[in-house]
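The same chain A turns up in both complexes below, where it pairs with chain B and then with chain C.
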Partner chain A sequence: MLWFARGLLRRVVTTRYPRRTDAWAAALPSPPAFDSARLTPELAARLVARCPNGSLAIDGGALVLDLGGCTGCGRCVAEGDGAVRPSGVFELASSERIGLVKRIPIKGARK
Partner chain B sequence: MSAGELEGAAASLLAGGGRFADLFGTTDGDELTLRLVFALDGEGRYVVVEAPVRGTEYADLSKAVPAAFLEQCELFERHGVRPPGTPLNRVLMPPHAKPGAGWSEAAVAADGRTREPHHVRGEAFEFPFGPVRVAGWETLYMGLVTTGEEVLDLYLFYWHKHRGVERRLIGLEPERALFFVERLEGLSAVANGLAFCRAVETAAGIPVNEEAACSRAVAIELERIYNHAAAIAALCQTTGLSVGQAQAEIALERLLRLNLAAFGHRYLFGSLALGGVCRAPDDEAIRRELPAACDELRRVVAALLATNSHVDRLEACGIVDGETARRLSLVGPVARASGCDIDTRRDHPFPPYDNVVPVVPVRATGDAYARMQVFVGEIDESQRIVEELLGHCGEGRCVTEAGPSAALGWAESPRGETLAWVELDESGLIREARLRPAAVRNWRAFDDAARARNVFTDIPIIEASFWQTVAGFAR
Partner chain C sequence: MNEEQRLAEELHHRARSLFGRSLHVRTLDTGSCAVCESEIRLLAAPPYDLNRLGFFFTPAPRHADLLLVTGPAVRAMDVAVRKTYEAIPDPKLVVAVGACALGGIWKQDALVHGTVDDVLPVDVYIPGCPPSPLALLHGLLVAVGRLEEKVASLSFDLREVTP
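So, the complex of A and B:
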């Protein structure tokens, strides 16, 4: 514990955060990004049914994506008829749990 | 046949050259049916013997087939049936288990009385090691009985990692279940997934075209190569060769990036689909990167085999003799390093292995050095198979309506034969599933290997040379 406190106080940098993402990482699976203009209630229902982790849900007029449960498996991308694509985003850290929950408006849905 | 005839059937199959592969129970209402699976490697087929159980007892199969002991323990934990008078150990049921959550009332009620008492006397003492360990990557508790250096006895607790994956699959569509099967044992995602897919495809009559079968084989061989590279890196770590470990891990990282380029995932998740594959591999990426990564690995291996401090630690370490390997029905590199010439790709072939037949490396000494040599031989062979299949790969997936049916599927994982038994209901949903990764068979020999004239510090070397997973055992 003493060493831990000492390290924090001295702020010794061991490894710096990468300045840029490695090129090969562009092909990594990543959470989905949704085109809200093409996200119909029917498609949203199909996406929820396809998600094996239960990371997608419909809440009111929005599709709710919980990044805390998403494994980037790509099933929603395959189901999405072009309305869903891999986001390519990996820097998902959030200081609050709610920061991992995204709400995407569903076109024409009642709120 | 009746449960009373199972023992005779098992003895007869064993005497006829059969290899014990699995024993499990499935329920239909209140009726329990035991299924005994034997592999007839010489004839290229599996035999599944079914016997309904009346009451709570059946004949002790482990007398004829010692390897069946673990499965008998699991049958008691899950279904409450047991051979009369035979002491059983706890294998999967955690201490906090409650009836109704996949565990039988009898097993929960008998907790604390199902484990054979462990006596430690004289100068020996029991050293608790785990479940979180410095060397080793998964949760595993080892009870080491030692006098200070020599390992006198060792027992393992796997249940910390039990997740109930088979139970989770019940009621799911097979395609949805595949997601969980791939994650059952991350390092064998393709092999376990393939065994599961083949079981469902056989049960439901789903065809797989040749191009998709080639894509599957490429994926499973890439999985084998990266696993063996990881095992070699782990062997370096356990023998204290940091430079060798770093160099092997560089090759490993190249192989994982190749997996990503070829199939879209570093650990090949999501490669498979029912009836085929989700995507054909990127041939160009494999042609460009695989030879370079394998050559890099071979350079590391050549340096390791010329390093006395490495080879000396592996030779005569963790010996599993051929008789023990056969008695415990071991599979994969562990069995092949002990003189057992078995490989499901060759002995129970399915496309494309009926045309591209693997040459199976076999060693006789059964020590950690022999296991490393088998790893190295299999890397060469897997690379040859992948290069032979490139240009023949393609996509293909198919879903058909299925009625009630059941079937067995199999594949050769990096750790050996993996099996899956799937039963579908009238709607094509999974009614019962049994997954038996290679780790279930091979951990059984780990304590024998650890006891064989080894000292305390040999345990991590033996563990790396076995290269099993706790996830595969505990499911």
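So, the complex of A and C:
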């Protein structure tokens, strides 16, 4: 590993978190991201029914995604017919639990 | 924000800065399926190597600064959780790891609390089932204040350009 040689040269034993993540990291299981222009109320209802552990819900004209409960199983991606894609985001640490709850507007839904 | 909250926030900030570039981590399994543990163990492997970032695993909570909690907080572990938390010297950090610990999988019932929030004051949440070692590293660095949280700026809406 290069950091070892760097540590010997600079006499610093600790290094920083990588500035860029490796390319393969995008292929890790990750929570879904939604195309709000194609997210109809019918599709949203199907996605909520498909989620195995209740991480998706509908609330006031928005699809509520709880990242804390999402296991990245990919069932909503399979159900979503192109409107749902894996987000590829895995650096999700948050100091607020509520910060992990995301609201995605549903197209044409009444508030 | 009132005066009390401001003082608490300031104390919290100072506690975090105390940890600097080296701290010891104790893991606590409250009924997880051991996949989170498997990923935590991978942190010590050469591709991630948490030692170079100044983190070290310790077998004893009395030597620990940070508690990594996995699992849905089964009630059978209540006493062990309390003893472990009390044994860690102040200042201490609690990091909840995985979807179980964040309350995503198990609902509260006679056997489990369902979320680590019910038994410990959690400082940082790391979602994922399991969180990858990189996600864990990011979470540990967020916990000690060396990296910024990213999740607040993400919308998970493909139409919105994330800042």
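General observations
Just so we're on the same page, the second predicted complex is superposed on the first by the 96 of 111 C-alpha atoms of A that agree within 3 Å, B and C clash if a C-alpha of one lies under 4 Å from a C-alpha of the other, contacts with A are read in each partner's own complex, and residues count from 1 in each chain.
The rule is simple: contacts are C-beta pairs under 8 Å (C-beta built on N, C-alpha and C of every residue); 3 or more make two chains touch, one makes a residue touch a chain.
None of these values were measured; they are calculated from a predicted model.
Because the two structures share chain A, they can be overlaid on it, and in that overlay chain B and chain C fit beside each other without clashing. Once the two complexes are overlaid on the shared chain, A:Arg85 sits against chain C while remaining clear of chain B.
Look at A:Ile106: by the touch rule set out above, it reaches neither chain B nor chain C. When both complexes are overlaid on chain A, the residue A:Leu56 reaches neither chain B nor chain C. Contact comparison for chain A: of chain B and chain C, C touches the greater number of residues. Of the two partner chains placed around the shared chain by superposition, chain C is the only one that A:Arg97 touches, whereas chain B remains out of contact. When the two structures are aligned on the shared chain, A:Leu28 is found in touch with chain B and with chain C.
Touch criterion met: A:Gly74 reaches chain B, while chain C stays clear of it. Nearest C-alpha atoms belonging to chain B and chain C sit 5 Å apart in the superposition, given in whole angstrom.
Counting contacts by the rule stated earlier, residues 28-29, 71, 73 of chain A appear in both its interface with chain B and its interface with chain C. By the touch rule above, chain C contacts chain A in their complex via residues 21-22, 46, 49, 52-54, 99, 102-105, 117, 122-129, 131-132, 134-135, 137-139, 141-143, 146-147, 149-152, 154-160. Interface residues of chain A, counted against chain C in their complex, comprise 1, 3, 7, 13-17, 21, 25, 28-29, 31-37, 53, 55, 65-73, 85, 87, 89-97, 99-100, 102, 104-105. Interface residues of chain A facing chain B in the complex, by the touch rule stated above, are 24, 27-29, 52, 71, 73-75, 78. Across the interface of their complex, chain A is touched by residues 176, 179-180, 257, 260-261, 264-266, 269-270, 278 of chain B.
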